[in-house]
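Each of the two complexes below includes chain A, the first together with chain B, the second together with chain C.
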Partner chain A sequence: MLIRPVAEDFKVIGFYMGRISLVVAAASLLPLTWAGLAREWNPFGSFLLMTGVFALLGVIGVGLAPRKSELDWSHGMVVVALTWLLVPMIGAIPLVLSGHFGRPLDALFDAMSGLTTTGLSLLGDVDHLASSLNFWRHFLQFLGGQGIILAALTIFAGTGGITLYIGEARDERILPSVTSTARFIWAVSVVHLIFGVTSLGLVGWLVLGFDLDRSIFHGLMIFFAGFDTGGFAPQSTSIGYYHSAIFETVTALLMVAGAMSFGLHYALWRGPRRSVFANLETRTILSTFGFTMVLTLLGLAATGLFVNVAGLTRQGLFQVLSAHTGTGFSTVPSAELAKWGGLAFGGIAIAMALGGMGSSTAGGVKSLRIGLTIKAVINQIKQVLLPEHALVGTAYHQSGRKHLTPSLIQSVMVISLLYVALYLLGAGIGMAYGIPLQQSLFESVSASANVGLSVGVTDPSMPILLELVYMLQMWAGRLEFVAVFSLLGFVYAWVRGK
Partner chain B sequence: MRRLVPVSLLATLFLLIPDPAYAALEVSVLELLELGAELAGEEVTVEGELVGDYGFRDNGWMWTQLNGDAYVRRPLREGSEAVGANLGIAIRVPVELTEVLDPPGRYRNRGPVVRVTGIWKYHDTARPGESYLEVQSLSVTEPGRQLNEEVNWIAVLLGALLLVGAGVIALLTRPKE
Partner chain C sequence: MTGPRDRRWLSFQGLAGGLTLFTVEALIVLGLAAVAWLLSVLILAIL
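== the complex of A and B ==
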């Protein structure tokens, strides 16, 4: 029998959402300060309003003070799913008021795209956007990539943390407690922040000849969007703006670091490093990257768009890396990407669909699931070919020796199939609006796998239904479905329960 | 008389050879983006606003972005509506041509609108895979100008009120020892 949630359930959920709202309100002080320092008074007002809304919701939520503040599994998942809806809604306030969007829904689309680290955008005239608003867009990607919940967990330790942690699509507890794991993740991010901003800033200043302050600005924005595999950029031509192989190389390093699981970061930092390459996930991502790379390069060679191997390799490599890590940066315009038909299109689309590593900032099906699926299929074939009583090994290496159990296979298959269904949903709706299959599928995969590469379908003139579907895809894809289904179940129980 | 004939011929020839600016194909930024391959190696003339940064590199070139979209003539800060993404291409300009340029377009600043003629380098082999316009001549059509920024006082007031309200609620609902 379905049990209808009672007032206490809502109080628990409201209490935790209140706490998270307070954390985001504190984070909102950064763009507010930026706007003040840059004397951008129009965005300053909208940031003040946004901070006020977050703070008010925060204190109201915390003020609910439930009798028991322990968070069970279902409550935790609902908190995560709602938080990932609430933050974009309020975070869109400065974007709506900026005048850079045709309709408020477009601003919400960008906020959702930012938070889910997708990178698709409906923003008009980004080249004249206030620097504080640019900071907010990129900072949203940082918040989303790191995990808003993770930020809250770092500050508010307590019971129920593990539920929230898992709800945000992380299943790897690197250190004994969730709080210490969250702090480790922040430590990794800060080290990369220092490396990323310094390197990109120096390249901008010394090689590209930008002013020092602008070099640091570009470095910071590209770090946020690169390390958190987001894909927003401060200029409309994305990474193509910089026209620099060195800049692209540093950006690529950040994208790779962002797509690596934090468990892998831990192994690289603390050792043993040899085990990193024994991991099923590492081997899978290296193989799929090689495969999609070859596919794309062969396809690009067939198009005849590039006259020399160096150009073809540089552009192909960057685009595949951007797709596979789920970043969405590009060095070629959308109009040109749309011409990459055949194998090149296939290579990029497959790379996007597969995604990065689990417990990273990347989206998509994720390498571990791909690796486990392949292993399960191989085992099944072996089982058929070998004598009836022969035992097929189920062991695999992933941060230690593990076994492929039927329940693990089931869970992997279900999530993978849900991703495929999500990819097809957006593609189908796109086609219903008369968009060709290739473009519909590309954009749908890009939204669902939180990549952000576009062949031009994502545009302010796009149908509202398609826009809503892409937003749903970004949200569900980022949370890997579990929290979304929990929310749906909670609502259903509220309506139909007894 | 003997001298006059070749001089006259040379003068006629000189008059017949067109000025590079006039011989170049007149294109828009959109055409360069959509027909990039077809226009590869062509001498083209394009007009647009310079935005972003002026990157002065060691080799005597300045790199920047030239936008040819609706925002060039109707900036958002002057009340026009958002009509989609920017349309921009990279250009590289000999440093000696850049002295006449106002600061590039950014927030509260409409960059100079220029008319440039140069060679469209599509997937240039010298700079693996990059596409850009190598500028040979440049003229400023409209100088850069400051754009107004209006403070949204309603947002400021509302935000301040909400923050005060949040503070009051926090005080009233704080747990008692």
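== the complex of A and C ==
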């Protein structure tokens, strides 16, 4: 029998959501300041409104003051799921008021795509968007990639932090406490911010001939969207706009860094560095990268689109890296990507579906789950082939020696199957609207795995139901289902519980 | 509460570690590019 939530449950949830709203209100001061400095007064007004709404909700939430401020498992999951709905809704206010979207739902779509670090966009004219609004779109990706909850945890340490941390699809505590882990994650981001923006800015300034302020602006935007595997870009032609191999290389570095688990960052930072290459997750992602790379290059070579080694390598490598890391940057337009077809199309779609590493900003099934699934299948085959009493080894290396237990296999299989179901959901709805299977599946995988590569299905004229389904896919895919199911369970208990 | 281990991130040693991290990532990208280049040469030669 389900127990109906009481007023105290709502107070606890409201209290923590209030705290998080206050953190987002504080973060919203950045685009507000940007708009003020750039003298963009219309966006300034809409940012002021958005910041006010976040602050008001924060004050109301914190004012609820529950008797016990301890957060249990279900409350934490509900807080995470609701936060990831609330922030895009309020965060869409400046986008709605910008006049760049055909309907308010499209602005909400972009805010959800930004926060979940997906990168699909319904923005009509990105090339003429006010710089503060462009900053807000990219900053949303940074907020979502770093984790809104993580930001709140850094400021408000306390009981229940681990629940929120895990709810936001992170399961790796690098340092003993969640707060110190959160601070380490911020340290990694600051390092990449400094080196990434400097490198991209220098390339823009010295190689591309941009003004210094324009170089820094583009460097900052590409850093936000690249390191957090988001995929928004300040120009409609994405990274293709820069026509620069060196710019693409620095961007690729940020994408790879973003798709690495923070545990791997820690090992590379503090050592021992060689042990990371023994990890099952590292070996899996290198293998799947090689596999999807071969498929894509074979497909591209077969179509005859690229006849020289340099062109084939550059286009194939960038698109596969973008897909596998879940970023969504591209150097080819959507219309051209749709023409790739065959093996190249399959290679990119598989790379998107597999995704990056766990506890990173990348989406998709994630490499560790793929590695564990392959190991479980191999073990099953061995058990069938070997004599009845033979023991099959279950050990694997992942930051130390671990064992593949039946409960671990079950958990890995359930999440992996849910991802497959999510991929098929969007593909099915797309096909019902007459979109061909290949394109429908590609776009659905792109939305669910929070990638953002598009073959043109995501368009301001797309059906509203498909738009809503993609938003659901982005939300559920980013949170890796657990928090979403907890919210559904909570609502069900509220309606049907006793 | 942060201990001496956490505060070390802000020190010179911490920043040097960060630079090492960035350099290793650059090497990984260059390694992947080299693999892609070799694959492209092989594939174009075969096809």
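Convention: the second predicted complex is superposed on the first by the 498 of 498 C-alpha atoms of A that agree within 3 Å, B and C clash if a C-alpha of one lies under 4 Å from a C-alpha of the other, contacts with A are read in each partner's own complex, and residues count from 1 in each chain.
One rule holds in what follows: contacts are C-beta pairs under 8 Å (C-beta built on N, C-alpha and C of every residue); 3 or more make two chains touch, one makes a residue touch a chain.
Bear in mind that the values here come from a model prediction, so they are computed numbers and not experimental data.
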Larger contact residue set on chain A - chain B or chain C | B
Is A:T33 in contact with chain B, with chain C, with both, or with neither (first, second, both, neither)?
-> neither
Which superposed partner A:V62 touches (first chain B, second chain C, both, neither) = first
Where does A:S180 make contact in the superposed view: on chain B (first), on chain C (second), on both, or on neither?
-> second
Report for A:S74: first if it touches chain B alone, second if chain C alone, otherwise both or neither.
-> neither
Between chain B (first) and chain C (second), which, if any, makes contact with A:V294: first, second, both or neither?
-> second
Of the two partner chains, chain B (first) and chain C (second), which one does A:L312 touch, if any: first, second, both, or neither?
-> both
Return first, second, both or neither, reflecting whether A:N379 touches chain B, chain C, both chains, or no partner chain.
-> neither
What is the contact status of A:D459 with respect to chain B (first) and chain C (second): first, second, both, or neither?
-> first
Set of chain A residues, in rising order, touched by both chain B and chain C = 307-308, 312-313
Touch list for chain B against partner chain A, complex = 33-34, 36-37, 51-58, 62-63, 65, 67, 69, 71, 75-77, 81-90, 105-110, 123-125, 127-132, 147, 149-156, 158-163, 165-166, 169-170, 173, 175
List of chain A residues in touch with chain C within their complex | 157, 175, 179-180, 183-184, 187-188, 191-192, 195, 249, 252-253, 256-257, 260, 265, 268-270, 273, 289-290, 293-294, 297-298, 301-302, 307-309, 312-313, 316-317, 320-321
For chain A, which residues are in contact with chain B within the complex?
-> 40-42, 44-53, 55-56, 58-60, 62-63, 65, 97, 99-102, 106, 121, 123-131, 207-211, 214, 218, 235-237, 240-241, 243, 245, 305-308, 310-315, 331-333, 335-336, 459-461
Over in the complex, which chain C residues touch chain A? Could you list them?
-> 1-3, 5-6, 9, 14-15, 17-22, 24-26, 28-30, 32-33, 35-37, 39-41, 43-44, 47
